[in-house]
Structure formats: C-alpha cells, structure tokens
Amino acid sequence: MGEVQRILITGGQVVTGQTLLRADVLIEGEHIAGILSPGAVREVDRVISAAGCFVLPGVVDAHTHIKLDTGIYQTADDWETGSRAAAFGGVTTVIDFANQIPGRPYAEALAARQTEATGAVIDYALHMVVLRPEVELDALQASLGELMALGIPSIKLFTTYRPNYYLDDAAILRVLRAMPDGMIAMVHCENDSMVTAATQALVEQGKTDWRHHGEARPAEAEAEAVNRVLYLASLVGARVYIVHNSTADATSLVNRMRSQAEGKQRGRFFCETCPQYVLLHDSVYAGEHPERYILQPPLRSAHHMEQLAAYVRAGMVDVLSTDSCDYTLAQKRATRDFTRTPGGLPGVETLLPLMFTQFVDHVGLPRLMAMLAENPARLFGLYPRKGTILPGSDADVVIYDPAPQSVIRHQDLHYLAGYTPFEGMPVRGRVRMVLSRGEVIVDEGAFKGKAGRGQFLPGGRSLDPC
Amino acid sequence: MGEVQRILITGGQVVTGQTLLRADVLIEGEHIAGILSPGAVREVDRVISAAGCFVLPGVVDAHTHIKLDTGIYQTADDWETGSRAAAFGGVTTVIDFANQIPGRPYAEALAARQTEATGAVIDYALHMVVLRPEVELDALQASLGELMALGIPSIKLFTTYRPNYYLDDAAILRVLRAMPDGMIAMVHCENDSMVTAATQALVEQGKTDWRHHGEARPAEAEAEAVNRVLYLASLVGARVYIVHNSTADATSLVNRMRSQAEGKQRGRFFCETCPQYVLLHDSVYAGEHPERYILQPPLRSAHHMEQLAAYVRAGMVDVLSTDSCDYTLAQKRATRDFTRTPGGLPGVETLLPLMFTQFVDHVGLPRLMAMLAENPARLFGLYPRKGTILPGSDADVVIYDPAPQSVIRHQDLHYLAGYTPFEGMPVRGRVRMVLSRGEVIVDEGAFKGKAGRGQFLPGGRSLDPC
Amino acid sequence: MGEVQRILITGGQVVTGQTLLRADVLIEGEHIAGILSPGAVREVDRVISAAGCFVLPGVVDAHTHIKLDTGIYQTADDWETGSRAAAFGGVTTVIDFANQIPGRPYAEALAARQTEATGAVIDYALHMVVLRPEVELDALQASLGELMALGIPSIKLFTTYRPNYYLDDAAILRVLRAMPDGMIAMVHCENDSMVTAATQALVEQGKTDWRHHGEARPAEAEAEAVNRVLYLASLVGARVYIVHNSTADATSLVNRMRSQAEGKQRGRFFCETCPQYVLLHDSVYAGEHPERYILQPPLRSAHHMEQLAAYVRAGMVDVLSTDSCDYTLAQKRATRDFTRTPGGLPGVETLLPLMFTQFVDHVGLPRLMAMLAENPARLFGLYPRKGTILPGSDADVVIYDPAPQSVIRHQDLHYLAGYTPFEGMPVRGRVRMVLSRGEVIVDEGAFKGKAGRGQFLPGGRSLDPC
Amino acid sequence: MGEVQRILITGGQVVTGQTLLRADVLIEGEHIAGILSPGAVREVDRVISAAGCFVLPGVVDAHTHIKLDTGIYQTADDWETGSRAAAFGGVTTVIDFANQIPGRPYAEALAARQTEATGAVIDYALHMVVLRPEVELDALQASLGELMALGIPSIKLFTTYRPNYYLDDAAILRVLRAMPDGMIAMVHCENDSMVTAATQALVEQGKTDWRHHGEARPAEAEAEAVNRVLYLASLVGARVYIVHNSTADATSLVNRMRSQAEGKQRGRFFCETCPQYVLLHDSVYAGEHPERYILQPPLRSAHHMEQLAAYVRAGMVDVLSTDSCDYTLAQKRATRDFTRTPGGLPGVETLLPLMFTQFVDHVGLPRLMAMLAENPARLFGLYPRKGTILPGSDADVVIYDPAPQSVIRHQDLHYLAGYTPFEGMPVRGRVRMVLSRGEVIVDEGAFKGKAGRGQFLPGGRSLDPC
C-alpha cells in the first residue's frame, strides 16, 4: 500500500447507500477503500474517531450560483470564498452553471467557467445553460451530444427572463426532443407573461418597494409552467427536473405525472426544493427586512410552505438544494426597488444542519442523505464517484455530531453576504470534520484545505434517484 | 482477530445495497466484515477468487413450503433435503410457514415448526398462518403483539380454502386492524365462492381431468380478491403483501392503489410473483403432462404471463419468490382428478438462474437482487442481517458466474420431485459457490454443509422495499 | 275527440324533459296530449288552474316496500293504504319488489305479487329479487331473458341477509354476466361477514338495546361491498345500481368508477340515496326514540350525511328514492332489542316536499325532478310512459305550490306507522293536486281516487339517466 | 288566436329535449305553440305533413365565418348568400364572430358586424373576439360585464396568430378570471411558438407547397395548448370551450379534466369538433387537390380522425360545428404557397346530412341533435329560444326525410366556393323543409325566404350542455 495514506474513521454510524450502519470507513489516498465492521482493519496511518457521530457522504448541492455575474449584478463571492463556505457546511460538491456562449461550441463556455473556478476548494460539476439552441434538429442533437461527451449530462432551460434566458415552448420542446439518452433538463418554471404582467402592473401602480416582491411572481405562474413543461416532456419522453419548487402545486403536479406515467416512463419527472421554501414564508415581506428575502421564485404563503414540507416528508421531492447566491446586504439595499434588487439568498453553508433538523426525525438519515447527496449525484451523472460512501467512491465524508444544539447566526458563517435568511433558527448537530478526496479540509470549525484543490467533475449518464 | 477465520472474496463485482461494485468482500467468522477496494486488505486466512463472477447476497426465498403437510398431502422433502436443494440454487434463507394451533399460543406453533426444521442446512424464518383470529379486538392485538415479540412480523391470511384456511372479510379486516405497527400481512387472494363455483361446475360436468385444472380457478377470482383485500387494507392503513400474483390484473391493481395512496400511505401495498407465472402459461394444460402444472393459483393465459413479465421489468413487482412445494411425480399422478392432485411446484433451486436469465438485461443486477434478496429481507424483518452484503450482515454470499450457458434438467437438480416444470429452459450463468454465515456450503456443485447448521431467524419490523 | 275528456292545466310552470317552461298541459283521457303555449288550445272539458304553481311529472319512487312480509315482520300497510299515502305525497308510481319463488318460473312470483297489489290506487312496477339463480349459465340467461320479457328489466341482489337473501360473489358475478342487454341489477351492498361479526360482538356484550343499532352495521361494510360489486360489474360490463347509499364513500366509489370507465362503459354504474341519509344522522340513536330510526343500512355520522347531501348537489347521485317500510310504532317497540326490531322507515309521502325543500335551490327544479321522476323511470324501463310530461306519456301530474311553509307532522300524513322520522322538519311548498293517468286522485288534501285503479307497469329496457 | 297563423306539422317523429316522440308540432306565428299527440289539435291554418320524416329543431352552427375579412383574405360570401346556404342545410341559426375594435367599446364592434349582417336570411348570434383586453382587472371586468349586457355571453380567445389575434398566457388568464358569471370563453388552441417554428423551418427549406401544410401545424401544438388552457381555466374556475378539436389528444384532455374536477367544477370544460376532422385525414395533402384542404388546424392522421369519431360516439364531444369559411377555388389556388393560401373550408350546408349519416346509428337522433342544436344553444345563451322544439321556442324546424340516399356534389350546394371538401361522400336523408320563426324558408330544395329577415339574437347566460 506504500505511500498512499490510509485513514480509518472509527466508531461512527455510517450512511452508505440508503442504509445506516455501525461501521468503520477506510480511506486510501483520495478514495473510499472500505466499509468495515469495527476492528476488521487496524493497520492504518491515521485513525479518526467518529464516536457518537454520523459518518455521512459529503453533501452534493445540485444548484449553486458561485461568482454569478448576471450582466447586471455580481455576487460577492468568488470560487475560493464560495466553495470554502460550502465546505464549512459539509458540502463537498457543488453543481454550478456555465452559460452557453451563443454561436460558439459548448466547450468554450465550459472552459471559461472552469477558468473562473480554479480557486475552488472542493470539487464541482457544471450544468450548461442552453441559451440559443440550434434550430435544426440534427445540429441540435449533435451539439447536445458533444456536450454530453464533455461530461455535462444536465442542461438548464428557462421559461422566463426575457430576453437573455427565456426559451419559448417550441425551443424547449425541440431541446427536450434532441437530448441524447442519459441527459436531463433542469427547468426554471415560471410563466414569463404572467410574471411580466404582474410586475408591470406593480410598476404602473408605483408598488416597487421590496415588500411587493412576492406579488410580482404569482404562485400560479410557477404551477402553470410546471404543468406545461411536464406535458412537453411527456410528449417526447424526456427526463426533466423542475428546479426550486416553491409551491405545493408544483410538487403535486410532478408527482401526479409520475403516477400517471406507466412503467418505464415513471421516473422521468423529478424535482427539488430548497430550505427557504420549507422554512420561510411570505410574511417576511411585511417585516423589517424584506430586501433580504428577494429571490425568484419568491417565498410563498405559509400554506405552500407547510404543504411543501409535508411533501418532502412524504417522499415526493427528490433533491434538497440551495439555489444559493451570495449577494451582500449592501447590494440588496442599493435601491428600495425590488425590480432592481439582486435576487437570491446565500445558503450552501446552512443546507445540511437546517435540513437535518427539519426532516431527519420524519424521513430518517438514509432518506435525508439521499435527497442531499445520493440523488443529486445520481441525477447529474456523478454517482458513484460522489454522493455515497462505497469502495471506489471519492473519499468525501462528513462527520456530523447530532448532539450539539445551537442557533443559526450569521457571524458564525463564512459567506460574504453579511446576513443569513435563517438567522436565529435552532439547529441540531454540528459538522465536526469534512474530508474531500481523503483530505481533511474542515476540522472542528477550522479550515484546513487550500484554494485550487477542487477539481472539475465530468458527469456521466443521468441515473434515476433512489 | 485471533481465532476468527477471515476470508476475502476477491476479483468479483459485488452487489451491495442497490449498487454493483468492483470490490473485495471481507468475511470474519459468520459475518461480512467489509466491502473493500481491491487490495485494500490482504492479511486473511483464505482468499476466494470471484474473478469474472458476480458476488451476490444470498437469495431470500420469501415463500416456500418445505415439508408441507396439508392434512391430505405431504411433500416429499424434509428440511434437510429441501433446504439443501435451496442451497444448491444460491438460496441462503427461506421464509416458510408455521400454522397457528387454534386455541393455543403462537409460541407453540412456532416451537413445533422449529422442531421439524432442525435438519435445515441454511437459515430460515417463518410466517405465521393465522387460522382462528381472536374475536375480541383487544385479545387479537395482544396475541399478534406476542407474535411480533416472538420474531414473527409477518402473518399469512387466506381468502379461500374452506374450512381450514379461509377467513371471511370481517376476520381479515379485524386482523389487519389489530396488527401491531411493523407487522405485514401476506394474503392469498382468490375469491372463495368463485373458485368453489367454478370447481363444482366442472365436477358436475365430470370435467375433473387434470387438463381442466386452470378453469377451476378463474383469473377474475384472483383479481376480485386482490381488489377487495387492498380496499380492506386501505380502510385501516395496514401493510399487505399479495402473494403469488398470477395475473396482470392483480399487479396492476396493487400499483394503482400505490399511486392513489397519498404520501405516507404509499408503500403499504406490496406484491410478489413467481417464476412459473412469468415463464409458463396455460397451454401446458393441453399438453402431455398437465399434472405437473397443478398449482393454486393455476397458470394463466399467455397474455397474463407476458404482461406480468413486463410489469416485473417496469418495477411494479417487489419480490420474486417460488411458492415451492416438492411433491413427487408419483404423488401428482396418483389420480387423474385435479381436485385430488396435490397442488404446487418445486422451484427453489432454479429461482436464481431462471430469474437472472429472464430479467437481468432489462432491470440490471442490483434491481434483480433487490427482488430476490433485499426486498424480501426488508419486508419480512430480516434486513440488514440478510438480503445484502454489508458489514455486520450475515456472510451469506453467492458467487455467480454469468458465462456458462446451460439448460434446466431435472437430473441436475436436487429435489425429490423427480421433475422440474422448467425442463429444457435455457439459463445463463451458474452458481459457483455459496456461503452461509461465512461457511462454504456449496462449492462447484458439491455440497459442503451439514444438516442442522441452519438457524431460525427471528424477524424485526417489516421495512419498505428499496 | 268525442268521449275522451280533455283537461287543460293552465298558468303553471311545467317541468318537462329537463326544462322548466311556462306552458299549458293538455290531457286527453289517460295521456298527456300536449305541452302548449298559454292559450294555444282552449276547447277543453275542464280547465285546472296551476297559477303560481309548478306542474311536475308524478314522482316515481323507485324503492318501496309496500305490504312487505319478511317472514318475520309484516308492514302495517296494504297496497291500498300504502299507495294512497304515496299519492298524497305526489308519488304516482312506485316500483316495489317481487321475490323469486325458488324453483318456480318468475312469472309465478310476479303473478303472486300482482294479486297482492290489486288494491293499488296508483300504478306500480316491480323489481324481481333473485334468490336462487340457476347454476348453469345457459339456464340463468334463459330465465332472466324470460323475466325481461315479462316486463321486469330490473333485478335485486343482496350481499347480506343470510340465509334468505344473501348471494355469494360467485352467484352475483354469474347473474351480472347472464343479464340480458337492457337489464339492470340493483344491489344492496353491505358486507355480510362484517355486519354479522359486528352484530355478534354486540350481542355477546349484551349491547342489544336500540341505541346500539348503528354500531351493528359499520359504514365500512357498505363501502367494502360497493367497491366489490362495482368491480364485479366492471369485469362483465354489467349495469348496476347501488341502492340506498348511506355513506359518502359509497357515492364517491360509484363516481370514481364512472370517471375511470372509458367511453361507452360510462353510465354502467348508478346509485340512489334516500331522504333519511341526507337529513338525519346517528345522533338520534342517543336520543329519546332510537327505535324509530332502526333501518338497514343505519343512519350514519353527521359527516357522511353532509357529504352525501353535497354529492347530491354536485350531481353525483342519480335517484332519490325512499326504501319506505310502514312499520308501526307498536311494532318498533315490541322489544327493546335492535336485533328483533323491524328495520325500515315510512317515507313515500314526504319524499317530494322534503327533497324539494332540501335541494331545489341548489340543483334547480329540472334536476330535482330528474332524480325523483325521469331518472328512475329511465333506469327501470318506464320512460317515457312515466317520469316526464310529454305527449303520449301517462298523464301523471303533480301541481305543486311552492309558497306555503309548514312543518312535517305525523298527524297530517296517511301512513299507518303513527310517526314520521322527519317530525318537525320545515318544508317549503305543498302538493295541491295529483293526477294519475288523467284522473284527479288528490285535490287539496282530499283523496279522490279509488282502490284498485292502479295498474301494473311492464318495463322495457333500462335507459341511462339524463 | 286571431291573425296569427297556425301551422301544424303532423305525422313525424319529433326530437324535443333529448327525446324522440311521435307527435304533432303546433306553430303560432313565430313560435312553437305546442307539442301534441297526433290529432289533439285540428283547427289550424295550415297542415304540413311530416309523414315518414323526422321533425328536428333547426341546427345551430356555433362556429361560422360568414363574410370573413382577415385583413388579407375575404371570403366570397356575404350574409345573404352565406346564410342562405346554411338554410338549405337545415341550419336556422349561425353563431358568428365580431372582432373587438381595440380601444373602443364592444358595442361598436357589435354594431358594425350587425350592419354587415343585415342581409341575413336566418337568425344569428355573435361571439366577441377579444383582441386587446384591458390590463386592469377592474376595467376588464367592467367591459366584459358590458359585453354580457349587450347579449354576448361568449368570447373568443386565440393562443396563436401573432400579432393580431394572439394573447399571451397572462392575458388569457386575466380574461378568464375577469369573465362575469355566465360567460364562456371559446379558445383556439395551438401553441404559437410551435406553429411558428414548424412553419419557419418549412419556409427555410423551401417546403411551402400546399402539400406541406399539415406539417406546419403539428398535432402536439394543439394538444399542448389545450393542456395549458384547461389548466389556466382550472386555476380560476372559468368556463372554457375548446374550438375545432382536430386531435384525439385534445378531446381526451378535455374529458380527463372533466373527470378530475370535483362536483360543481364538472362541466366547466367543453369542446367541439367539426365534420372535416372526423371524415377526412391528412392523406389528402398528398393527393391531387391539397389546396382544398388548407385550414387551421389542419387535417390530421387517420388515427386521430378515427379516434375523434370514436370519442364523438362515446359522448365526449359537446358540439358539432363547422368553422366554415367560404373561400373560392380561385382564392385557394392564387399561389401554390400554403403560407399564402387562405385557410378554411366551406361546410355549413353539409353539416346536418353528413353528421346524421356518420353518427345517428351510434348515438341516436336525440343525442345527435343535442350536439347540433341544443348544446350550442345552451352553451351560448340561446336556449330555450333556439336549439329545441318546445312551446315558446322560436319555430325553427327542419323536416328531415331519412330515406333518400345520395352523394355530396358541389353542384347541388349553394356556396360560392365552387367545391366541397366532402365531394362524393354518401349521405342518408334529405332536408325537405326548413322553417325559421314559423316561416317556411326552404321547401323541397326551393328557397322561400328573403334577405334581411334574419335577426340578431342577444344571448343570455351560458348553460351546461345536456
């Protein structure tokens, strides 16, 4: 075994596959080398005790926006600071986005984004935002095939945000039809005309104060677009993944479509939600700091929030991700006009503790980690390298101590935002240690990794979640 | 590690959880001690090469009838011969049945059946056939609670076979309502009056020759009873498991109920089918040896067979089991009257190779082993001790070589029946080695175990299948 | 036009088909001769003013038990008194029952019951209760075909009441399969074993006081049987009509089955409910006079009552009928033991005013009369002779004045029972005049008809309701 | 009765409500004065024998385009010729369209179109095409309320035809939400971007020959838009009517939505199809005269045609209308470019005989006339004045002789188009006489009416179809 370092994590309860086991985890170099009964292997270079703790696969946040530049706003973070905050939260993989450069091969967009990401401290993969799909079906199939070959099995499509991101139904259907086998389309679902009309009406009435933000993007705009996109996908048998469900209706529609689909069609419709939609609701817009909660889609009514949480408990949601955007309070407060306030909340660092606290008692730890790690890894082609603790997988491991009780405080976090939307929320448990490819990068609150150690992860075929 | 023998199975592809991995399997004594990257551990007492082979969890046949005595007929096997045939087929656990002794505590029925099983060469668990449920709900809850405490989380109920096994709807509903949390009811679903009427009509017309057997138990009798039992279970939120689905309709009804159920109700309805229902159809009753195919429910039309197989491929069936009964040809041929011919087919030994051949290309090996091992272990409270290869699990392992091509021949099998209903069917692959609790009991076709080494397995709570 | 008397009912609003019209109704002899614009015809023998009133088709009560002899109990009425009470309530047709005489042609049962009915003052039809269906399908088809030819397109089947009425599932399925095209099966749906078990449990606990009656026949026994019978009917494509729905679940199941059925299968599943199930609930069993409310199925919870009424308003119920049985208070009070108290409530006379009051504002008068007259006439083969006001139809007409407000008082009614379960309920409107085949039989509360004028109505094919 | 002429139509079978009766129909002046048993009335001014014939309510064609001016193309007919052709076919009411004049009160658009229609020989109503709905909900509610008060309960919305007719989803939802109670929205459903993209692709490939017309408007564009519009309507509980269903999917979606809707929501979703979609399919585009079949939506595959016809037979379609446009062959042939060929087929005159021939045996005459007369009259607020033969209704009556066999020949028709798309199709029966408001306007093939006698019909609330 020579020069490769062997680490043994002992004494913990390990989440592997969808199981929770009392076992030791053997790491050799960058990989998991074994899951073992306690004491089965002893000759190692380092023993890390996980007594009293859970040994979890590193979290895969399938929806982040690090160093996002929308053309108008730029988030405060860069890949070093952004991915370091993630690491503190037990996130060892982020899947972020590259934007197609219209008229250029996808490889260029990918290379450009990879250059930006050179400072990453954890591994990352990329979804490709398709902005100008080829008109000819053959050409479109060819370019998406190339994208797949570049290690990008997931594309992102928008039903809103004219003129940059918006694709009309014909374009969406064309892309869904052209996707190679194994590719999955993430879709941001809000009806563009409904959002535009609601926003314009507010603007015309002078209601652009932050507190009107929620009214600008009605819940029914999301539900309509989900209903439509699911139908388009069913026409061509495509795999679609509805991002950041903020309404109960969206989730219900995805699941109804799943149960109507017969046999192998099942599983073509997937969805995620985010902590903000199951923990917060729109009463904050009437509160003291409405600007902190400006994001798209906006927070919804308490009814939607509660029902969405119930749907998570009922197994109707595949992935919990963050849609994290690290804008600062100063950026948020630059104007009092919601139409000119950057939309998006920080959240990667708090994903694991908040979701553990909210759901572990109801769904159990294996199911929780399925939503936080294995499912995103499967859906976006990173499994079994990421998302699980199995021999051969990357040694991305979180040692999580369920005992400590604390509350979320922004001064304890590592974002640049200067606030957290979850301020004051109680959490159970604490990340004690984080390993990324066998290297301890977070240890009892101290960062041990270094900038640039993160690697780009080419993805394979999209697999069904477990 | 001292005296405990350490075995390392190397070079194979391991099915663990729902994953297929290139890994070594470490065994210490009776248990799995580790799943390891190749070469991660070397100091062992014995190395077994699985090069070119799959390393599978031992099959759990959730529905066997070894040494069955119906009062009228006795199968030819005893626990030694019956379980040995199972072992040859890669089955390392059978779940058989004990019959309630009316008026006596369940412990007595359990003890009596355990006494019969002392010769077992592999481990076994038992379902309890409930024949005379207490009338008072309190008393019934108490006795089922005791049964659960005895390690029996699964009961068997019959909708037919008057006067011995039959329970009326009131009794079935009462039992479903009284079951403690974590218990599951297996139900034999055939409408008693429809089976009786069809049989009587044949008897009155003198049509008792074997070839009329299928007409005596119409497909709609199964479908009706499934529809009814699912509804009864939905009234009280019980877990039910429909045994030996022989019709497409039964499976379709189970799955429709699953998709109608909301949230946590999902997963309360489960089902199995058996090799005979996806490989054989009722044309055999017009053939040379109709007596060989007398079983309840009977073989159905080619349409049902093909649709059932399609449903298995579509993920709509939870478990593949055998309902095996080892009657001899002589017993089958004692009269030419189907009403007096013992019903049931031998099958444990051929379960794995036949189902591997039929389904592995469509569903993949992890899903196949879910149906053959992990799901029955989960549903009947044996997981994770049985049904999976994970540290701490019993070291029940099958080394299966997918390369050899052969055909099923009764002379190669170890039943006492003297025939197999699957004679001449081609199979892919061969069981090379079988370990039961760390002991090699079958090695290249030679039996190495010994009578009486099998243990009774007390079961815990019924878990949802994966 | 000679000797035939011509009557013109003028000035009212006429319900004809599913329409409400300001029109005159011309009667010639026994038949409707025209629906006319006011003033279009003037030369008549008699003009009856319906100013301010509705002119309704005579009510068809599809479910009565006049002069019922169960073998144990006999209702107090005979056909003269029973049908006279009906006439007072605007009911001009009752559809009652004849019981098959096992082993004898249906014609004999029919003749016997017609003999009993010779005193009828209004017309009547008969459903045939099938008690011992032939075992051979051919013979069964033949006898049901003869029944149809005798003018009986509707049969009644029971899932309960052993040993007299009960049919097992095989028999029910056989009958449904054998029914000639155009025949419809009414089914009393309560799971026999569930009712028996619940009753026995009460008996064993000594809980036979009237107030326990409801517990003896659980709501789920009805729902289960409805679910089962609908499924049996779907297997053979039969027309079934679920009688006296007392639970919301029963109605919901019928309607779910309708919406699942494709195209022409639609409309094969029908149901009725009765005034007692939408106006009364089980709190009466804890009241002063529980014996007055003993019937099968029993009154249910307030939830069921309210939901059933909502289903009627939503168009989910085809027919409103009474299941009327005219037992006297003395009979009801003979013992304090519900198992020995005759079950059934009087109700024909109050059907129209109660249902008018309860539903007319929500569903409108045409829909109300569809449930009270046209639908039962269609379903049981009497349309267009009965159930509508159209040229050629029998001149069965009710002049109903919506203005008077009153309350139900048993002393105003014409039953022999000596009480009404609806005592004290407010009603809107009053029957001013009733014509049966052109003859005024009730006029401002005075009976003008005479015994024996009622005729037996042979029925044709069962038609779908409107 | 004085000066008012009394006509008696005797000896026929009358369709009234949903019934077929042997009866006489009495007409006084412009109205039906009675439905009578044969011989009940004799003193009349004129007796018309309908012996051997059916006496039908005049057909209400709910979807015509007489004297259509799209801005680019003008149909050849004017109201005199167009409505005379209709009369020859037994159509006594057409419901045509007025286009909103943006920025002006609806009354102006209505007045303008009424002026054009002064030559009409039969009565007509108008749907209002909403082109620029007010942005403010209050203003929109007010203007639609005014429209309703003007006698226009039905509006037309388009999901396609930019820039003139197209409304985006926000506008459609806003209109659906603002509609007063009793109003119904007809929606032309084709996904605009999908139609545009498909057309552009053909144009770019130079495939603008007529034979490519069908490819320009894919079936899935219709299905998608139907799915979307139904969902929008469900969000606000609006009444919608999907026009000219050309695909099986559209009809299936409407009916699925109906069966999912609970209780009173039922009946909010309606649809029509047209003779061309159940009698013709897209093979004609490969034939000799593709230009004759250019219309939007285009003819579909034989599968769609057959399935749509099956859905009509199964009762899943509410209305049969024509979408008739009387372009001449010369206009059709002006260019060989489908993008510049006027779209639309003549058809009012052949509606009744073709649909009688196609469907009467399967659905019966009452149901056929429900789809051709009563349902459109109900849905568009004209019932009971139009669509039925009841006292007080307008005396719009067709005497239809079912005996003659003939084939459709354009030279027998009265369009200006110079061809019929149904050339050579066999038809059963013939229109013998047509009365409009009591006046014989067609008698044995001779036109007896005169220009300008037709009246505008203000509509009331939209009612559910029967």
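A, B, C and D label the chains in the order they appear, each numbered from 1.
Basically, a residue touches a chain if its C-beta (ideal position, glycine included) is under 8 Å from a C-beta of that chain, and two chains touch if they have at least 3 such contacts.
Remember, predicted model here, so these are calculated numbers, not experimental data.
Of the chain pairs listed in C-D, A-D or A-B, the one whose interface repeats that of B-C (more than half of its contact pairs identical by residue number) is A-D.
Taking the mean of the C-alpha atoms as each chain's centre, subunit A and subunit C sit 62 Å apart. Each chain gets a centre from the mean of its Cα atoms; for subunit B and subunit D, those two points are 62 Å apart. Subunit A and subunit B have Cα centroids lying 41 Å from one another. Subunit A and subunit D have Cα centroids lying 52 Å from one another. If you draw each protein chain as a dot and join the dots that touch, you get one closed loop, with every dot joined to exactly two others. Of all residues in subunit B, those touching subunit C in their complex are 135-136, 168-171, 173-174, 191, 193-194, 196-198, 200-201, 204, 220, 223-224, 227-228, 231-232, 235. Contact residues of subunit B toward subunit A in the complex are 1, 16-19, 21-23, 26, 28, 31-37, 39-41, 259-260, 262-264, 266, 310-311, 313-316, 384, 388, 390-392, 466.
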